[in-house]
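Labels A, B, C and D are assigned to the chains in the order they are written; within every chain, residues are numbered from 1.
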Amino acid sequence: MIVVMQTDATEAQILRVQKRIRELGFKDHPIRGVERSVVAVLGQVFPELVDELSVLDGVDTVIRVSRSYKLASREVNPYDTVVRVGGLEIGSGKLVVMAGQCSVDTEEYVLATAQAVREAGAHVLRGGAFKPRTSPHSFEGHGQKGLKILAKAKTKTGLPIITEVLDPRDVDAVCQTADILQIGSRNGQNFPLLKEVGRIDKPVLLKRGMWATVEEWLLAAEHILSQGNRNVILCERGIRTFETATRFTFDVNAIPLVKRESHLPVIADPSHSTGRWYLVEPVALAAVAAGADGLLVEVHQSPDHALSDGAQSLTPDNFARLMERLRGLGEALGRPLHPLAEQQAAPAKAS
Amino acid sequence: MIVVMQTDATEAQILRVQKRIRELGFKDHPIRGVERSVVAVLGQVFPELVDELSVLDGVDTVIRVSRSYKLASREVNPYDTVVRVGGLEIGSGKLVVMAGQCSVDTEEYVLATAQAVREAGAHVLRGGAFKPRTSPHSFEGHGQKGLKILAKAKTKTGLPIITEVLDPRDVDAVCQTADILQIGSRNGQNFPLLKEVGRIDKPVLLKRGMWATVEEWLLAAEHILSQGNRNVILCERGIRTFETATRFTFDVNAIPLVKRESHLPVIADPSHSTGRWYLVEPVALAAVAAGADGLLVEVHQSPDHALSDGAQSLTPDNFARLMERLRGLGEALGRPLHPLAEQQAAPAKAS
Amino acid sequence: MIVVMQTDATEAQILRVQKRIRELGFKDHPIRGVERSVVAVLGQVFPELVDELSVLDGVDTVIRVSRSYKLASREVNPYDTVVRVGGLEIGSGKLVVMAGQCSVDTEEYVLATAQAVREAGAHVLRGGAFKPRTSPHSFEGHGQKGLKILAKAKTKTGLPIITEVLDPRDVDAVCQTADILQIGSRNGQNFPLLKEVGRIDKPVLLKRGMWATVEEWLLAAEHILSQGNRNVILCERGIRTFETATRFTFDVNAIPLVKRESHLPVIADPSHSTGRWYLVEPVALAAVAAGADGLLVEVHQSPDHALSDGAQSLTPDNFARLMERLRGLGEALGRPLHPLAEQQAAPAKAS
Amino acid sequence: MIVVMQTDATEAQILRVQKRIRELGFKDHPIRGVERSVVAVLGQVFPELVDELSVLDGVDTVIRVSRSYKLASREVNPYDTVVRVGGLEIGSGKLVVMAGQCSVDTEEYVLATAQAVREAGAHVLRGGAFKPRTSPHSFEGHGQKGLKILAKAKTKTGLPIITEVLDPRDVDAVCQTADILQIGSRNGQNFPLLKEVGRIDKPVLLKRGMWATVEEWLLAAEHILSQGNRNVILCERGIRTFETATRFTFDVNAIPLVKRESHLPVIADPSHSTGRWYLVEPVALAAVAAGADGLLVEVHQSPDHALSDGAQSLTPDNFARLMERLRGLGEALGRPLHPLAEQQAAPAKAS
């Protein structure tokens, strides 16, 4: 940590800063520059120290030079984390695709969509039983009933299930059905919820908060990791910017950046990032070309009748086309699609 | 709701849109323009309808023309909501100031700060027992112990207490001590938490999510209101923008806009909005000049030793100066400071 | 400047960085931290050095600790700059109001509006002869003809004129009529234009680029100052954020921040910042409460017929009401309205 | 255009809006909804009409339903524009790569870099003679001398040249050397400059303003197109967001969106978008996977000594690796690299 003094800071003010650093248990190291002095703080500093030091007289700013996340950082753990879900290895260099409806609506639609994405080669079935909805007047998901429909789809297709949990009180119930728990963008800094999913041993897919810097996103992962659950999958889903032509701005830069900074696998959600079904395929391919370990894609048997987010859902046909293109792209990039699980590789009709 | 067709939409596509609108239980009203046709949707529409209709062939975009919030809207309730806390009336045209430490640290500091803000004329004591912290390695508040310290400060000073609740499971416990529950910016779309505080009858101060549009903020209020709790106070606390010279960008435009769109009282938090103590006073005055019903300000007896956000806390002296300036400004604007409660108006030493 | 090394940087890499710093003519000062080493660079550094050093092997990031602007900085010049326009002193602690139409349209309207703002107490007449328009299919201003109309309004009312210049080739022509040249937001980093107005001796009002950080805004001022023209007035006019309920987000934090960082006067434009006439008054008052030295406000005799930006123009009546409220606010804040010039103080009808 | 009335608008107010629409030469079409009325405006509307109508009493908002750009729109011209530069066809489905130094520094470096990018398979040489620099204290390019160095590099390598023009007064001089003129991000709404390059017949590469919505970017193109120059190439180069871990946020969504909305070719600049050389390759591949027609990449023989933007320049080796990966990716996507021109295909040493 570097304490930058004002240009007109007095000798006494600099000494006061040095003294305070030592009081707080760190070593101080002053440097006299041409324009201004700075004081380096040596030791295992913590983020709050910025506030402690920046209020002192004569201080201009305080700058951190260390990463605030540790467990999520490649500096601490240089080896890629591979998250295992049954036979699936997420983050292993093979592309994993999670697909399905945004919301669980009717059993009929969910099963049809599940069958369709399985046939097209998806590895995991997604579906929301609990939905965060901006308006209280919107459909909020079927809850427990939705989980039962997902369980049935899992039995029918053999696909593992990813579904969102919103409330720390629902974590146990969701774990009964889910193979991967999803933390949504709006809960990107819901710390009680992050802690709760940190205490279980199921994989957690952590969506980036739409307002979160890469650092804050990795710190959110740190909240989960620090409770003991090391099976964290990151998911870029678009950030909020001034551009309104798309629902969010997919931050493709973040994919290679996070792969470099962190050892955790990174998945991309091209559906929420764009909000428009016709942008899903190109942005999905882009995410993979940038280094994503896989995709989370909305597919609906009948987007006309989707209870939420129909505008960004692919039809099964469009999804099959995406998988086809992904196959070619993955080969060209040396990161092919993950092989299907045995029961999945079997003819779908027979399952 | 207006369905805008593509310029090359066919007659059949327009008819299909009209049919779908009727299937969904609404009336359709097509208009043929020079460049393109649009179809108006008549009836009590809901936001999801945008998705339902925008996936149809030939549709360019779907535009909402109604507010998505109702209970929070002045269109539904034109009269100012006044939230009562003991003898205080928030939103009544008299300025209310809530002040105190960001985090509850030691009993000694909390009591000293409480005494100081009371003497300077604050109406409510703020203090965080449960703190949302970006990093799991940061101080997260004293929890229950913190609530006890706040209760003691309340007894000592007679000031009502505002404190944050993070977890839906803590709402009852926090209600034991708090006179106003605070929902923090990071929980601006934590819907289980919003619902939970919607079921109680204590006033709730709802901070704007740092990523939330004014519409989403009012929809978050709608989540609380729709559960039955009508005592909602809005709090502008800065949004996230590209500017990094300040911690957030205080959205002063939002103050008069929300006062116009909604009947709920609006409070401003100049401390988190700026992140720098020397910007707190000018931004506080600006917020009041723009129409805010009051302020939420961080004050700490000894900012050097604050466990969080020291850099943005005022000293008691600076706070007293702010109150002084606020007094003059309020008079000039015709919105004076709210009178102090009786026990508060009594000499502080005697309390 | 501080070069932060990667945690696994080798001794050789650190030495290479030190050597490069010396090659570039600076002094190096290495510090070994617990987690990582940093190397301080001592001397009169320049921004490009960041790039030079950050490409070296083993370097994590390079952090500047000095302001990149000098002439605009209070560190270099601690005394408030006062810009003089005739008898007006902008930045002297007395509020100055510039008002008028966004675009010069008809002579009739311009003169009527000029008369009206003069009577209400405005100090400067604004009006755009050259207009930057987002669409080439929009009205782009009357150019030379518009300047003549402004000249006539100046003669009639005695008010000095502020008008925008867009093209470096028009600077001389605009100087014939204008008392203050305005650089618009879209030209906030149009360096040839900034240089050109740096070579004249007329005051320049520099609007903040809607994308510009405070630092970049002050650097744009630096471009003008470094050519010799010290009469720069800064103007906050809103930045672009995710919020679309208002046209831009007025960055009220920037007002006291810039007053602290720079010695230049700061004016606020509440019209473009909000885009809605009913937000202009509250945001204008807020800007002044935050410390602005004055206002730039759109007023139109008949907003129904304004050729541009009618939605954000005040009627003369609303403007008169704003001036009235400003008078009270200025008194309360100890920063009263600037006295009117003699010819202006005379009865308007007689002029 | 749709005029949305307030919920409590009176019959008289609605009639006044209808009358005003007719006065302005359009047809009015009122629709009475359940909550509120709207009035459709029929005819060839223009953007300013929003302002004209939104000031009328009883109006809530005015919504445009037409694109504000015409010449740039696929609705007007459905066929892909192919921009020709010698034998190169940009926008033809074959990938075109423009590479070279950010700034022209020494002749020696420019020639070495030019040779290197030619050998690696680049189609166009980039290099800045006039540089927009945030600080007046930074290197601003060699100007005319830089153009001469570029001319020499062109003779030596046979590569066409792309270089930036900043000042409308320099357009003719730059045309002497340049095969493609570049308009930089900071000039994305510099209308005199856009007009000036609209009057020439050389191709113009128009970078997106870092603050510009897709609509504003296409309107900037419209400024050029409307002057007669139809050879416009769009270039996505990152937008400004709250994320500071990268220099800008590359808006990958914009690539397929603009390809859908407009017939103009779209190029991507992964160097400025990221600001970090190690992110250039993954983001370049992502841009191409998303549908970009080509790339604009910074390469420097010796990034250690680049006069600007060294941190984001590739070494010739890294650039050769990118070209190699691009070759494979282009084949997989069915959009291969554009064949090299004859003189370029010849052995480089012999040229």
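Criterion: contacts are C-beta pairs under 8 Å (C-beta built on N, C-alpha and C of every residue); 3 or more make two chains touch, one makes a residue touch a chain.
From a predicted model like this one, the values you see are computed outputs, not experimental measurements.
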>> Just to be sure I understand: going only through chains that touch, what's the smallest number of steps from subunit B to subunit D?
In response: 1
> With chain centres set to the mean of the C-alpha atoms, which chain is at the far end from subunit D?
Replying inline: B
> If you average the CA atoms of subunit A and of subunit D, how many Å lie between those two points?
Replying inline: 31
> Once you find the CA centre of subunit A and the CA centre of subunit C, what distance in Å lies between them?
Replying inline: 40
> How big is the gap, in whole Å, between where the Cα atoms of subunit C centre and where those of subunit D centre?
Replying inline: 27
> Considering subunit A alone, which of its residues make contact with at least two other chains?
Replying inline: 211, 240-242, 244
>> Help me check something: in the complex, which residues belonging to subunit B touch subunit D?
In response: 2, 4, 6-8, 29, 31, 33-36, 38, 40, 42-44, 60-61, 63, 65-66, 75, 240-242, 244
> Inside the complex, what are the residues of subunit A that reach subunit D?
Replying inline: 211, 213-215, 238-239, 241-246, 249-257, 260, 273-274, 276, 278-279, 282-283, 285-291, 328-329, 331-333
>> Under the definition above, what is the set of subunit B residues touching subunit A in their complex?
In response: 20, 46-48, 50-52, 54-56, 68-70, 132-140, 166-169, 186-187, 189-192, 209-211, 216, 219, 222-223, 226, 240, 277, 303-313
